[in-house]
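Pasting the structures here.
In the two complexes below, chain A is the common chain; its partner is chain B in one and chain C in the other.
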Partner chain A sequence: MKENDKSAGRRLERIDRGIHARSEDIFALNSWREMLYLLGPRVIPVVALVILGLVAPLYWQRVLVSTAMFALLAISWDMLASTGMVSLGQALFFGVGAYVSGILNHYYGLPPWLTIPLAAVIGSVICTIMLLPVLRLRGIYFAMVTLVLPLMLERIIEATKIFGGTEGISGLGQLPSVDVEFIVAMVAVWAALFGFRRLMNSDYGLVLKGIKDNDRSVMSGSINIYLYKAQALLIAGSIASLAGAFMTHAYMFVGIPVFALDYSIIPIAAAAVGGVGTLAGSLLGAFILVPLNELLRGLGGLRSVIYAVLLVVFTVGLPEGIFHFLQRKYCQFERWVEVS
Partner chain B sequence: MITMTIVYGFINSAILVVAALGFNITFGISGVANFAHGALYIAAGFLTYLCLTELHFPYWIAAPAAVIITGALAAVIYRVVLLRVRGLVVSEVIATFAIGLAILELFRFLGFVGFEFTLPVFVDASVPLGNTLVDAQRLLVVASGIVLTVFLWLFTHYTKTGLAFRGIAQDERTALTLGINADRVAALSMAFGGAYAAVAALVILPLGTIAVNEGYDVMINSLAVCIMGGLGSTGGLIAASFLIGYGQIITATYLGTHWTMIVSLVAILIILIVKPSGLFGHQKELEERT
Partner chain C sequence: MSDDVILEAKGLARSFGGIKAVDGVSFELKANQVLGIIGPNGSGKTTLVNLLTGFVKPDQGQILYKGQDVTGLPPYKVAALGMARSFQMVKPFYELPAFKNLIIPLFSSRVRRLAGGKYGDRDAVAKDLLEEVGFERDSQVITQRAGSLPHGYLKRMELAKCMALRPDLYVLDELFSGLSLAEVASLVPVIDKLMAQGATIIMVEHRLRELFRIANQVIVLNFGRKIAHGAPQEVMNDPEVKSAYLGSETED
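Now for the complex of A and B:
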């Protein structure tokens, strides 16, 4: 749009780079070039990250693990947002998942490889049940409920002193080694990303996107949108709870910090920076922001400020996000044409 | 015990009204849920503190200066950030939330943490009410609550700007056809909300210390009473303040202070589940649920 104003009489034309006989997910590829064109952006990041993670020093390996967990939270946020449920409290799913795995491990003595998947399921079921009464709400009202719930759980645990109260539960079981942690985290992230992308492109995902665009018209198609919303919460919540459970065992500790604002704001920031609605954008955002966060560790409290400012700059300045921008540059070529 | 509960419940309710008015004005007029409200409140407190201790201004200069600066800051936030995402509710929420976070965490980073950050009380005296002793500052909060509400009512009913406020609150496009510059009025409403937050800070903060975390609590309390009363409805705001204000004091006396914050949070949840448009918010009833 802006280019238009600057150069009167010309406009920027964008044309898709052609691939033969293309449909949603069937490609008729007839050259290595085209195969590379499609596979490159998918395979290269996966391979590069795995190699990077295995050769990186211990500290940065841990950073990558927590980055992956924030990426999961961001993907989960993005999926909820594409269903029309904007959450200001991903910490709810994260915290409940973390507590469930901590409790299963501490009080029932289950090993981490069992508690993490169990917590993913149980945590998201608990959160979905908590959010069932507010599924009718849309937009800002839903957002406010999600903002309030983690704060409330935090205060309740503080006031009733259950599950260790403010002290939390420490000395939990851990995964065998950082390498294993890293591999598990990577598998979880990429499985979530590609799985959810496929899901959102299927007919089922179309209904979810439809609920965001116009819930009334979806209802008029005799589809029970509340059922779909609950399912979306369950699906998206499970990976956020998984992230919480995973971090519990990585830190060998669970306490009220798991409901902290960080776990709500960083996923949103990641999605805003990377680009909302693509899932891959959220992942990209998380992999930019969280390591950056580590680099800025020396700045102490200023980090939150920088984060918040970045969030504002991206929401206002580049609302489409980095991923949309890159995708446009990669999939289309641009040229100026004369307009009479 | 009973009289104390009644008196302090009343005062607590007045505090909630004063703190939430600014948030309510901005939302009622421009539809912008200003999640930076708590941050503006705290910023005004620190501004006054700085004016008094660092610049050695007399109080009667420092206080109006803080109010004006906070109002201007709010208007700048609207002009620079919110204008660009106007109408995209979620972006508005994210942007104001992030701005609030930035302001509060900046103060925390700059070392504004501790018990030495206080504002002077206006009158250092206490008044016996029945058999409980109440300090004058608390009564002043009640008085200022009444003054601020009456002023707001007069302003929105008898001045041109105030009528323009109500105009764009009812229908922005129709207001536009009548020659009201909606963007300017919305920016003004934001400034008004900021100034009200600053006034609230001047009256309420002398009761305790200026703490960064207070910003989040003020935000949650304001949100609670505004949602409960119906966003944008001043009568609802006052009614809800009394419900929550007494609720908080009663839980604090009979259950312990740990539980006071939970009252607001539970109130938000219950009202959002039962009647999302709030007790008195009829205007936007249709938009909220499907």
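Now for the complex of A and C:
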């Protein structure tokens, strides 16, 4: 129960809507109503999005696919941030994943259904190795390095003309149809969301959150924080690399634009709008921001201005993030009570 | 060096900038003893704790723990060997519920090894530990966000976090500071119990009265140097210690 003082005579009382019987690990469900209460917010978005995606016109289907990829980047960012590693360079994971799948497909002739999972793993390993030397850095210092690395890779490819140089690699294999693309993207997003949420709520995830909260205290608990940080990079990086690999095959092209700032900034904006620390908020934010960006496309030059204003409105109006707000409204009811 | 010496420090020194925070401190500590470390503010007590537990690397000197050289080992390795520390400035995980704070040390490989490869029910163990240090079982304090707990609880949680590692040597940095007399009194039996279980304890303290009831021997630091070492009463009668604590006696 949480209470907020609002005015002299009255106060807003918040009461948890909670479920009657709830033990530590299992939910004891008493009725269909409770089942619906629990499953509703999880199942309805999944089903609604799949239906929406399958009936939408081709253009919007493609928008939803790229939205899903931005959602993966945002979830990945959020998980790293929950571990105390604020990244300004999700484009690193995205770009390396994209290039790995492009290279595997172009030079080694592997089909997309093989290159995408391989790129998720290999890309994540490569990025983690690149970040190993800076795991000791915290806060803004770590962020600066992550910001610089993708820009550096971009320049290396440009200067050495490897992997097609500025031309990139085109004519890559694609998935059978947009419908298949969409289904695969949905499976990836929801699996990542529910899987990572479960992971972060386990005791392992608790250690990761502890590193964000107080890394010296974790060290004194006889835990090697660098090992755990590296693991978090590997885990969170894999879905960002997967997103890059997926986009490579969706566009049938990979080139230096995969290291663009967009792939670093939009995930952060999505997490900020949706609500940091829940992973679900980041996903929600991505599904608001990316389609919104497309909707505004008709406005021409003023698009980015309006987009920026909307971002400010969201973050000032709901600093806790949309997801936290919705969660509060859903899980608690509020009433005004007279203060005696 | 006899068998029951658990910790030996030889000529530990560390400077920050031009200031010698710890300057050639040596001591031996036998198992199942309580060593008090006292000294005025800024005399290097916390730096000494940081040196012993690996949080700060010494410029000079050597630390032997159970005969093994642990000089320069990172903190998590020192802790894994069984030397657990608490922090003077409490370092809880503010966002986590109180008992979840203890899950983190309980998750370490040291605890799993001691438990024979199994983690067991960590939540239950965590709650037991908090109860041992005086949290009321089945009350809200155990499940409340650590950030919303009063200081006294956080201090006791620091001790519980050490206990979670089941260490042989506790290094407690000003555990009693900021606690009420009653709270200190409630912690003394906990420390007695740890001693009865065979633990060795280093206590850095400002609360001399409480410390002297527990400590077998006391080291006094001043400007990073060890100025006295011995039984509590004999140390307090030392003229150099008196002048360090009460100022010099030139005006007599």
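Quick note on the criterion: the second predicted complex is superposed on the first by the 306 of 340 C-alpha atoms of A that agree within 3 Å, B and C clash if a C-alpha of one lies under 4 Å from a C-alpha of the other, contacts with A are read in each partner's own complex, and residues count from 1 in each chain.
The rule we apply is simple: contacts are C-beta pairs under 8 Å (C-beta built on N, C-alpha and C of every residue); 3 or more make two chains touch, one makes a residue touch a chain.
Owing to the predicted nature of the structure, the values given are computational and were not obtained by experimental measurement.
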Worksheet item: More residues of chain A in touch with chain C or with chain B?
Response: B
Practice prompt. Report for A:Ser304: first if it touches chain B alone, second if chain C alone, otherwise both or neither.
Written response: first
Item to complete: Look at A:Leu151 in the shared chain and tell me whether it touches chain B only, chain C only, both, or neither; answer first, second, both or neither.
Response: first
Discussion item. Touch test for A:Ile268: chain B only (first), chain C only (second), both, or neither?
Written reply: first
Worksheet item: In the superposed arrangement, does A:Met219 touch chain B (first), chain C (second), both or neither?
Response: both
Worksheet, complete the sentence: Overlap of chain B and chain C contacts on chain A, residues 216, 219, 225
Fill in: Residue ranges of chain B in contact with chain A within the complex
33, 81, 84-85, 89-91, 93-95, 97-99, 101-102, 105-106, 108-109, 220, 223, 227, 256, 258-259, 261-262, 265-266, 268-269, 272-273, 276, 288-290
Discussion item. Show me the residue ranges of chain C that touch chain A in the complex, using the header's touch definition.
Written reply: 53, 55, 74-76, 79-80, 84-87, 91-96, 100, 103-111, 119, 122-123, 161, 164-165
Response to the item:
Residue set of chain A touching chain B in the complex reads 81, 86, 88, 133-134, 136-141, 143-145, 148-149, 151-152, 155-156, 158-159, 215-216, 219, 225, 261, 265, 268-269, 272, 300-302, 304-305, 307-309, 311-312, 315-316, 319
Discussion item. Going by the contact rule set out above, which residues of chain A touch chain C in the complex?
Written reply: 24, 203-204, 206-207, 209-210, 213-214, 216-225
